[in-house]
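In what follows, chain A forms one complex with chain B and a second complex with chain C.
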Partner chain A sequence: MAFLKVLAQRIGYAVVLLIAVLVLNFTMINLAPGDVVDTIAADMGGANAELMAQIRAEYGLDQPVIVQLGRYIGRVLQFDLGYSYFYNRPVTELIFERLPATLLLVFSAQIFALVLGILLGVFAAQKPNGLFSHIVTLFALFGYAAPVFWTGILLLIAFSLKIPLFPVAGMRDVTIEGGFFPQALSIAHHLVLPMLTLGSIFIALYSRLCRASMLEVLGSDYVRTAKAKGLRPRDVVMKHALKNALPPVVTLAGLQFSAVISGAVLVETVFSWPGLGQLALTSILARDTPTILGILFFSALVVIVGNLLTDFVLRMIDPRVRGRG
Partner chain B sequence: MSDQTTIKARSPFAEAFEMFRRNHAAVAGLIVLLLIVGVAIFGPLIYPGNPFDMVWAPFTPPGQDGYLLGTDYLGRDILSLLIHGAKVSLTVGLAAAFVTVTIGITVGALAGFYRGWVEEVLMRFTEFFQVLPTLLFSMVIVALFGASLTMITIAIGLVSWPAVARITRAEFLRIRELEYVTAARAGGVRNGGLIFRVILPNALPPIIVQAALMVGSAILFEAGLSFLGLTDPNVPSWGQIIGSNREYILDASYTVTVPGVAIFITVLAISLVGDGLNDALNPKLRQR
Partner chain C sequence: MTSPLLSVENLRIELAARAGMVPVVDDLSIYLNAGETLSVVGESGSGKSMTALAVMGLLPSIGHIADGRILFEGRDMTQMDDASLRAIRGNQISMIFQEPMTSLNPVYTVGEQIAEVLRLHKGLSHQDAWSRAIELLDAVRIPDVQRRAKAYPHEMSGGQRQRVMIAMALACRPKILIADEPTTALDVTVQAEIFELMRELARETRAATILITHDMGVVAEMADRVVVMYRGEKVEDGQAEAVIRHPQHPYTQTLIASVPHLTTEAAPTGIKAAPDAEDPLLSVRDLTVQFPVKKRFGKREMFTAVNGISFDVRRGKTLAIVGESGSGKTTAALAVARLVDAQTGQVTLDGTDMLGLEGEALRRARAKVQVIFQDPYSSLNPRLRAGDIVREPLDNLGTLPASEREDRIAELFDKVGLHPDQMRLFPHQFSGGQRQRISIARALSTNPSLIICDEAVSALDVVIQAQILDLLQDLQRDLNLTYLFISHDLGVVQQVCDEIAVMYMGDIVEFGDRQTIFSKPSQAYTRNLLAAVPTIERARNVSSAAP
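This part shows the complex of A and B:
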């Protein structure tokens, strides 16, 4: 029951956070000079004030901001994010079309980075002054310093232009017909480079922290006890040490969701990955307010869900966290 | 008398400097960083001319016809763009880190010092900003309020401060319980004095390290924004060169790889310096 109570609390808090996100974004967009009608007028090569007022009334933009905000939140609570001025389609439709691609990229990169980062960190910690450890440190340094879009372009040049192992752009091969497996395989094939690119920043981060965390744990008394009672070295590392070294790494990973989404926007642009990032860029340039608000809302939602997931993973691997509410 | 017994008591600053000096990677990073700063300041004087001028045939490969790094898709000299772009990257990086640290210290110090409801409110506020997707949010700010360098700096600062706030708060929570703070309070120092003159100076080491790293991430952030085209089109910047030449990687990959190297080396140098500062300022971590 304690678990359910915590879950309910977290979800309630998440809803409050999301409403705050809506209010902030809405206010910010309305504070900015100009609106979508200006963009439309500019596209038409100028329009008279009467027509512009008419369009504003049509979209409800002539109402006071507070009224617009109230209406907007009311609609969002009914899962209606409004209508895109630019695409002439409901925003939810636009977003749900692209959200799966972004989610696939974000979560696969996160999981890939965590698994590889932890492995590298664990091995590097075995011999903290060994060659492998130095290589991991160097790699971590490089991974942090390289701009992610540049890493992506380098991988693109190397592994799809020079050595054509992977496709240049997109998410699937449209010529492929057939059932689930050929399709999934095609998507996986397209996913490799974007996932490696986005993962590279975070592998660097996680391997570095995991190495430090392992080194700390390996020096502790219970590890010495485990060694002294004659456990195999591998069991000491994997069962006793790793278990205690993981929580900080998982906590850090949870804090990175917002950064992963940011990276995804850039990676999607490099690989023409049909996710939210590209939609965001076009709608921002077109001043398509409902779509921008919708994307900000959904990306905040992804971060919050990511944080909740991290929390539960932490509870699973670290009994000490369970005690705290 | 042996050498060990004649060691003079040195100031913590001198000790930190000595630690930093012994870290070869950090010193190398610092030298590279100073060189880049030199290029940013004096480069435009030594290598004059408007970097946006179309000076030669497009896609002239590096080294040919006197263009050391070649020309881009519009026939602009890439070396000139890089030199003039250095100023933008460094200025935005430093200024954004300054905004980040200012907001972060203010929020973190108030939360950690006053505790209670102030802390509760400020930390919820911080969590709220951590939920916002940083790049998307700053893209919206820059697109809506104008793509000037000032706005880019503010946008980066506005989304990056939570990390600094958390570190500052943690340090304040720790230090406010120490005896010298109690002593200062008993001696009649007011809250403002306690925050700024007693606690903050002692909380600075981890904040300085974080600030150094913030300069690096702000440079990466600016590069990302300008790669997407969200930058002042009248000022050259490294990310912008990559973004605008991106379609031509098949024919002229150097137009994209070379500017990336500039960003990479700069951020690498900054993080080496940051690591060096970390080792020098946090003696407890030295064994690692």
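This part shows the complex of A and C:
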């Protein structure tokens, strides 16, 4: 009951937040000089002012900004994100075509980074000044410092060209016939390198934080109690310490959702991953305002859902959070 | 005579420090017979907790056993492998720790934490372990056990958490129970209940108990035998009765002297100024402090911490406010100092209406009320030098010319028994007692008319405690200071105060001079509070009354 109340409250906040994001996005895009008509005119090889005004009137771009904003919000609330002048297709259709690919990449990279980061952090905390701990630190800082496109290209050269373990680009092998499993296997095969690339940035953050958090927890009184019970070291660490060390890591992971999405834009470009990132890049170059707004809207949605998830994972882990609203 | 259950022989424990290996326990030999209660007494740093941890095989990673043997039922535990030790830990020897607030894992239910031990050592199924855990919680008198077993530690009070720890420790019917200052963090009435429970359960399970404490009153009430430790060595041992009657070592004598007698023989303290009851320094009328607790249906519910209390503090005297945690004593004092906001009431300090002050006037008035807080470890800014800590109020008020401030700080250092050379040091370079001296110097720097001591000596060892209390009394005499002394420790209160206000659930239930409160308390609550304090006399009466 309390859970449902909190859930309803959080979803309420999320809706308000989304509308604020809509207004902000729309305003910022309209503050930038130039619009899609400039691009169309350029594609046509030039046009006179009269024709351009006509095209603007056709798209409703001659109206005051506030009217455009009102219409836009009204349409979005009906799940209509507008029409891409550049692709000549409804934006919703464009996005839904590519959203699953991005979601797959973002969530798998996030989960991969969390699992590996937490494991590395836990092991590093066992001997905080041991060799393993130093290797983890070095490895993590390398992943964090290296630009993601560079890591991506490096992995491509290593594991697609020199040792051809993984495909170079794309999301699935178009020549594969058959049911769900061969298809899924092909996608998983394509996913490995992009996921590693995107995850590598975040492993550093999560493992460092998990190590610090574990060190603190391992010194606590209740860990001493667990040892005094006669528990095996493995149970002391994995049952009694880890669950207490997780909240800061999970909180950080939630805050990093937006960074994962912006990282995904670069990774998708490097690996020709057919997701929102690629779409974003082309539509920005084309000044395709409705598509950009649509992508921004969905990115915000993913970040908000990610944070909601984080919130509920935290409530699952720590009973002390449950008492609060 | 049969061989003892546990014997520690020539134990030497060393800790790694910057200067190399430092012994914290040296050549210690103690033994424990089946079914008896042995008390290990000493101040912090005497090595008593380290000895207990060594028996459990739980020394911190910087410590190790350099020499000696620990024989449990004839087997040397220092030579055992990890698996054999784990089979003993929590099963045949178990331990209760000092801090009930942090010793339970916050993310598991208390029932689960008890059931876990039973599954581990007794091989019980999940279901059997759970029902046994409930029986154990019932045995330590947790009310409504079926429901409370599913509670998390943060949903329980300190006393209840310590009961859970006891249930956990006794779950496998251990042969030895080690209790490391199990009640230091608890109120005196709760302490009495916990001891009662420990005595009863130890008798029932026939477990031998090692009780670590610094309180000879507790020893008198609980122990069969006692070992006194001082700086890592055993300085005295014997039957508890004999040691208390004829302490040999000076340290033991100091410990016994620090136990409250709760009699009226001690001479009144404070200066004998002319009675000026007509003109009290501090006058508090109908003070009420409330805190918002929870929003329910958008409505804020208020918790009343202080419920319309009134009292006076006379010039040059000490008023003690005593009570258990949650009684509102600290809140009331902080409201007087304007550190928490009062809802209603009147606080008049030296003719000034304290509650009416705002902004700059309030900042100026703060010079008149200074507070010495409980924890000398966390109430001093670790990044400031000791001299700067004392200097800050002077800079802030600016009443003293800048050129004279340095001399004033040196004078204050001298007054509280510190050397002016120590002004350059940082708080972590001082001991707990010295830090509390810095706090006192800081409080004195503004020439306050009222000093609030909020459990100012509770975190200190008894010997240090006595020194600080002496200092406070000397200063009171020399500077004609007035103290509002907040404490839960009736022994301390008896040493310093002239008058006492007993608080319970936000109300003052009894007010009177010290003699009256200690010898003829009129309220049942005050009587309970006094009865809960472990004293040597009472233990003696009980033991002599027994056949």
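Rule of thumb we're sticking to: the second predicted complex is superposed on the first by the 325 of 325 C-alpha atoms of A that agree within 3 Å, B and C clash if a C-alpha of one lies under 4 Å from a C-alpha of the other, contacts with A are read in each partner's own complex, and residues count from 1 in each chain.
We adopt the following convention: a residue touches a chain if its C-beta (ideal position, glycine included) is under 8 Å from a C-beta of that chain, and two chains touch if they have at least 3 such contacts.
On a predicted model such as this, the values are computed, not experimentally measured, just so you know.
By the touch criterion defined above, A:232 lies against chain C but remains apart from chain B after alignment on the C-alpha atoms of chain A. When the two structures are aligned on the shared chain, A:29 is found in touch with chain B, with no touch to chain C. Once the two complexes are laid over each other on the shared chain, residue contacts for A:284 go to chain B alone; chain C is not touched. Look at A:244: by the touch rule set out above, it reaches chain C but stays clear of chain B.
In the superposed model, more residues of chain A are touched by B than by the other of chain B and chain C.
Looking at the shared chain after the overlay, A:319 reaches chain C, while chain B stays out of its contact range. In the superposition on chain A, no contact is made by A:6 with either chain B or chain C.
Looking at the shared chain after the overlay, A:308 reaches neither chain B nor chain C.
In the superposed pair of complexes, A:144 makes contact with chain B only, with no contact to chain C. Touch criterion met: A:224 reaches chain C, while chain B stays clear of it. Chain A uses no single residue to touch chain B in one structure and chain C in the other. Across the complex, chain C meets chain A through its residues 56, 58, 85-91, 94-95, 97, 99, 102-108, 116-117, 120-121, 152, 154, 165, 168, 295. Note for the complex: chain A touches chain C at residues 220-222, 224-232, 240, 243-244, 317-320, 323, 325. Within the complex formed with chain A, the residues of chain B that make contact are 127-128, 130-137, 139-141, 143-145, 216, 220, 223-224, 227-228, 230, 239, 242, 246, 249-250, 253, 256-257, 260, 263-265, 267-268, 271-272, 288.
Within the complex formed with chain B, the chain A residues making contact are 17, 20-21, 24-25, 28-29, 32-33, 141-142, 144-150, 153-154, 156-157, 161, 212, 215-216, 255, 258-259, 261-263, 265-266, 269-270, 280-281, 284-285, 287, 292, 295-296, 299-300, 302-304, 307.
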